[in-house]
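Below, chain A partners chain B and then partners chain C, in two separate complexes.
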Partner chain A sequence: MHIVVCAKQIPDPETPPSAFKIDAATNKVVPAQGIAPVLSQFDAIAAEAALRIKEAGGEGKVTVISMGAESAQAAIKQVLAMGADEGVLLNDPAFEDGDSHTTAKVLASAIQKLGDVDAVFCGRQAADWDMGQVGLLIAEILDWPVATIAKGASLEGETLSVERVLADGFETVQVPFPAVVTVSNEFGEPRYPKLPQIMAAAKKTVTQMKAGDLGLDPSEVGKAGSRLQLQKLFIPEKGAQVEFIAGDTPQEQAAALVSKLRADKLI
Partner chain B sequence: MAAPRDTPNRAQRLVGGWWGPAVGMSALGFYATATAPRDEAGREIFFNVPAGPWAVYVFFAALVGLLVWGFVRHASLWGIGRPTPGLFRDIPQRLRNTARLGLAQDKVRRDRYAGIMHWCIMSSIVVLTLVTAQVAIEADTPLNFLHGDYYLFFSFYGDLFGVIGLVGVGMALYRRYFADFHRIRWDERLEDHIIIVGLGLVLLTGFVVEGARILVTELDAHPDWAVWSFGGFAFAKGLEIFNFAEDQVLFLHEATWWVHVSIAFLWLGMIVFTRLDHLFFAPINAFFLRTDSQGRLAKIENIEEQEVFGVGYVQDFTWKQLFELDACVRCGRCTDVCPANIAGQPLSPMHLIQDLKAHLADVGPAIQQHRHEHGDAGREVSPVALVGEVILDETLWACRTCGACVQECPVMIEHVPTIVDMRRFLVMNEARIPATAQGALENLEMRGHPWRGTSLERTTWMEGLGDVPLFDGSQEYLYWVGCSGSLVERNLPVTTAVFRLLRESGASFGVLGQEETCNGDPARRLGNEYLYQILAQQLVETFKAKNVQKVITNCPHCFNTFKNEYPQFDGYFEVLHHTEFLSKAMQDGSLKATHPIAADVTYHDSCYLGRMNGIYDAPRQIIEMVPGATLTEMQRTLSKGLCCGAGGGNMWQEEVGERRVNHVRSEEAINTGASQLISNCPFCIQMFEDGVPAVQPEEEGRMRPFDIAELLEDAVFGPKAKEETPAAAGDSSD
Partner chain C sequence: MPQNILVVGELENGAPSTVTLELLGGAAALAAGGSVSVSLLGSGATAAAAQAAGASKAFVSDDANYDTFRGEQWLPAVQAAVEQSGATLVLMAQSTAGRELGPRLAHRLNTAVAMDCVKVEDAGGALQFTRPAYGGNAQATYTIATNPAIATVRPKSFDEATGAGASETAELPAAGASRVNVVGKEVTESEGLALTDAPIVVAGGRGLGAPEGFETLRELAAALGKDKAAVGASRAAVDLGWFPPSEQIGLTGKVVTPDLYIAIAISGASQHMAGASGSKTIVGVNRDKDANIFDFSKYGVVGDWKQVIPALIEELKK
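What follows is the complex of A and B.
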């Protein structure tokens, strides 16, 4: 059993609002000073799910793949410290500023290159853009079945049994291998790494791959291959206006309030 | 205001407190014997007991053999522990500890009743052993001194300490059988009854023997000698009433002598098998007591090369940690003051030590044998897990590292380092850790502070304060704000109060602002020594790069870490808690509290300022100098103060048990009737903001928790000044 975990490094979701800035000219988030990027929490949970399946089976391998800059090594090391066996960093300037589709394409190519993969575990969405597309698109590109928003996953004979979160409960589905699973926070907390594993992870080398290694042309990935165009990135302005409703008696005030709400088409 | 002091004064230290009366009484006896002229008083050694000499020496040889055997047996078990570094450094300090804590028993006297009782029993045993030894010297050496005035003096103090011993035994019996004293029952064993009843019998039979001898040899012939043995004299007078024939008295004498000697030796033999071994182990453990600060935890050297992190197996303790298990007398003082235990949470330091001791006795010999045969650590020998089975996870997490148990322990056991060592194993080796504490640790790793989910920045508190100087090496002090001081809403008013007071005092200081990172204290207390070392090393380097010499902190935990723990990382700084600085500034006149604050306040000693660092006076001096403020102390105060519940990383844990510690402590504060609860620690304040409303649901007349700097800010700038920096009260942090 060889499971791939896709992990993304994102700007810290706990960046204080006052430190979160956007560069309007380039339509990009300005990295907050002194606040290091972190592993997307959903991906940490996906890693936890993959590791539990490996441990329950007694044998197997978990490979963590991340597409990102050199700094994403930290995210990979974190999953390695949790107990993953190998790490792959897909680091190429050509991959930058893509959309969900180009990201899925790069990840799928890497999974194909690894060859013997039985399952891919992703977070249900990346905690920065919250698109929730990449896992599905990987399945589409690989032509594998996909079970989304999992709150549980276990090995049952030759298939994977996945509990999926629904709006009003959950359902259990059986998925044949190879398959893609996207894992939700209902799955539970990711483990705290043990120190011996942290130190072992620090010594592991992460394999680096570029577009050429994956047989991808720079024109089909990153910004060049993107089908989605970002028009405008902005922080919504929050404001509150207070208006005191005039009136001599509570009855008059109530009547004035109602007509005001009607005029604003709120009731 | 006369603040209560609980450290012994000079005179008490000189004579170990309770030794005073004994010295006085003996001197009196000596004076009396020396001034009264009389004939050559004396007595026949082994009077009426022809077999006595050989019996005593057989018993004595057996006793020595038993003691040696027992010691070797114990010592071989301690020997499975790791080496204990630094145990023979600071010898003068260690000798002082042995004298003060071992012989003068400063700690025993922290419970007054037990102190008197224990001194009576101990001094009686010591003096009567000396009395017996003198008899032996008289009998078996050419020395011949037990006659004349000295003999009478000897008789006097022998009897005096016999009576003192009986008083002690009486007090012990009263507590055990009539007063139903709570801690005695927590782990009561058969030996406890045998020890105290046995000692009483030894003393009583001693008087009977003496009385019978006096009746035969002295009562008629030398009544002026007999009165010096006043105890025996009274017994003789009592026997006289019955008009026994002389051979009957002689028979009584001989029979009782045998009983007396047999029980005495059996009793001494129990040292090997019972808690009486503290006779030796307590003073030795006083010698082994750490001579550095209690606030310092041991550093794991070369942490990356360790086989096991922390203590997960009994042989991973140092041998000193194993040794002190044997010193425990099950008195229960530690458990009595443990905040977790007081709140009904799953930790009793006494039972923890006893469980470790039992575990060592269970598996120690097998580990020893395994080592002998295989030469490895033998970690797989024990069939039960030390951490998780012998000592439960929840027990380890309930500890506040507040040091109350260590403070009270009369035999100088250091529970806190032992508990943290096992936590280290849990966190680093096993990664078994409560979810909320894990969140705090992950946050430390990712964001350099433990406050998950804060929306504040390290510079937020500076808003509205005008020019806040950044530390650049040219200023005298670094004002260390800390994570709580900048990232927890309730603590911001404290930070600004300290800042304004520092500025007002004219001190030359600066802050680090965005460059502050956690100094690692929560990681260390929660058991993640690895993370702590990384954070500590980084910060020591930052301090050195910025040429920091003196640091003022508003957090006792930061204070303790910088002061006591950073020297382990070659970081030597002069560290002041803000209460120290402010108290000094008020005394030298650079700060003036001119606005009266009519408030009844009570003061809570945080563990890491008080017990761990002994700073009790500075904050009280500040309160004293605030015009209008009156201080009412809580019942548990100074070194006996109760933790707020947050220590040892419990700030970030869900509590398990009947009550929450902060509710207990808030209740104690409310019981003083004060309107303000003054503290000195950001954690304490958060705990009280949560605890006080739980005890006083009505908002009307509710006690308000403040930092001492907030109180002083009002007194220096006027109460209105607070409106400039609105204090977010209580409900903001959730």
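What follows is the complex of A and C.
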């Protein structure tokens, strides 16, 4: 069993709103001072899901792939420290400023180049742009079945059994290999690597591939190949101006709030 | 510019779902002289076409195999509806189905989808799609260079369509095979009123400190009116196992737009507000006066919920 985990490095989504800035000229987020980029949280959970399948099967390989800048090495190393066996970084200026479709094309090409992949595990969405497309698009490109928003995934004989989160509960689906799974936070917490694992991962070499290595022409990837075109990125205005409810005791506050809400005909 | 719009509808108890009617409402405003059609798949689709307000034509299949959503079965039918309707714009909900169909349909039609849009508008000839990004800290506006443009739309972004349903129907093929096989389903029974319908939502967060906090919130909801108030939770509270995932509010949970949203011991992270900021009035209850929730609140109560909420319940009972 060879499982690929797609992992993206993103600005820390827990950046406080006050530190979140956009450069209007380039339509890009300005990296917040002193807040390092992180591995997208759902991708860490996807790695956890893949590692558990490998461990349950007793054998196999997990390869982590990231498309991004040189700094994305850190995201790859984190998944290696969790227990992944190999890392691949897809770093090429031609890949920059793409859309979901060009990202999926690059990742799918790398997966095809690896050749012997049985399953691809992605996050349900990258916690920067929150698109939730790339896993589905990889499945389309490879013509593999896909199960999204998983809260559980396990081997059942020759198939993969996936528990999916629905709006009103859960469903269990069975999917033949090779398959794509996208993983959600309901799966649970990813493991935290220990120091020896972090040190071992630091020593591992990460394979680098560029557009040419993947047989991709620069015109079909990155900004040049994008169909979804960003016109403007901005910080929305917040509507309300808060009125703090006065009162020396909780009872006084409660009474004041209730009378306001009654006056507004909300209750 | 005139648009031929296909709304990818979903059925709920044999009728077009609320968000389907919202999409039809949005489509009516965007069509500008073009056509509006709808696709409906599953038991009762043909009958439901008459309730698809604002659509002139419905593409339907009553095949019960469509009742459980499976992407591989829905895609060929939706693709046929796109092609037969000559759609220049395809609208679908940011729902379980839409989240899967949007990207896959875009791939099959060599085009792109803007996910989770809160606004779709005709800006002088070109369609513009606006969607939250960076967990709600930002919004992004896109155009789509390829045809048709596809958007999944967040519930409550448009007003529901009114008026007559589709007068003309066309048959879509019955469901084909799916490699993904649904073998079980578990429905989470939510207590009381559905979160997305309630005029008042009381939501609790990590600051409740323990699952028992939600019992107090249920008492508050009951004091506000059992037929009016529902209880929801932040993801932090859900992740701690204090409340069911189906009742999570936010970016990866439900979107609610009640008249009154009372956020109790919730910090107001952008990803949470993504599901709540459309509420008409927000009340924040938090012991930290600098909590982000107060940036969204009309009224703020600074204090310990353990004291404020019981006092509030008492006051409401008076």
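The rule we apply is simple: the second predicted complex is superposed on the first by the 239 of 267 C-alpha atoms of A that agree within 3 Å, B and C clash if a C-alpha of one lies under 4 Å from a C-alpha of the other, contacts with A are read in each partner's own complex, and residues count from 1 in each chain.
Throughout what follows, a contact is a pair of C-beta atoms (placed from the backbone, for glycine too) under 8 Å apart; a residue touches a chain by one contact, two chains touch by 3 or more.
This one's a predicted model, so the numbers in the text were calculated from it and none came from an experiment.
**Q** What is the contact status of A:Gly34 with respect to chain B (first) and chain C (second): first, second, both, or neither?
**A** first
**Q** By the touch definition at the top of the document, which applies to A:Pro17: first (chain B), second (chain C), both, or neither?
**A** A:Pro17 sits against chain B and chain C alike.
**Q** Just to be sure I read the superposition right, which of the two partners does A:Arg191 touch: chain B = first, chain C = second, or both, or neither?
**A** First partner only, chain B.
**Q** Between chain B (first) and chain C (second), which does A:Thr148 come into contact with in this model arrangement: first, second, both, or neither?
**A** So A:Thr148 only meets chain C here.
**Q** Taking the superposition as given, does A:Thr205 touch the first partner, chain B, the second, chain C, both, or neither?
**A** neither
**Q** Quick one: is A:Lys238 in contact with chain B, with chain C, with both, or with neither? Answer first, second, both or neither.
**A** second
**Q** In the superposed arrangement, does chain B or chain C reach more residues of chain A?
**A** Chain A has more residues touched by C than by the other partner.
**Q** Per the contact definition in the header, classify A:Asp128: touching chain B only (first), chain C only (second), both, or neither.
**A** Second partner only.
**Q** Using the superposition on chain A as set up above, list the residues of chain A that contact both chain B and chain C.
**A** Overlap of chain B and chain C footprints on chain A: residues 14, 16-17.
**Q** Would you mind writing out the residues of chain A in touch with chain B in their complex?
**A** On the chain A side, the touching residues are 12, 14, 16-19, 33-36, 38, 189, 191-196, 198-199.
**Q** With touch defined as at the start, can you tell me which chain C residues reach chain A in the complex?
**A** For this pair, the touching residues of chain C are 68, 71-72, 95-96, 99-100, 102-104, 106-108, 111-116, 128, 132-135, 137-146, 178-188, 200, 224-225, 235, 239, 245-246, 251-252, 254, 259-260, 269-271, 277, 281-284, 289, 292, 294-304, 307-308, 310-312, 314-316.
**Q** Provide the residue numbers of chain B that touch chain A in the complex, in ascending order.
**A** The touching residues are 304, 309, 427-431, 433, 435, 438, 441-442, 446-447, 452-457, 460, 514-515, 530.
**Q** What does chain A use to touch chain C in their complex?
**A** 11, 13-17, 20, 22, 29, 99-101, 124-125, 127-133, 136-137, 139-141, 145-149, 151, 161, 165-176, 184-186, 226-236, 238-240, 242-245, 249-251, 253-255, 257-258, 260-261, 264, 266-267
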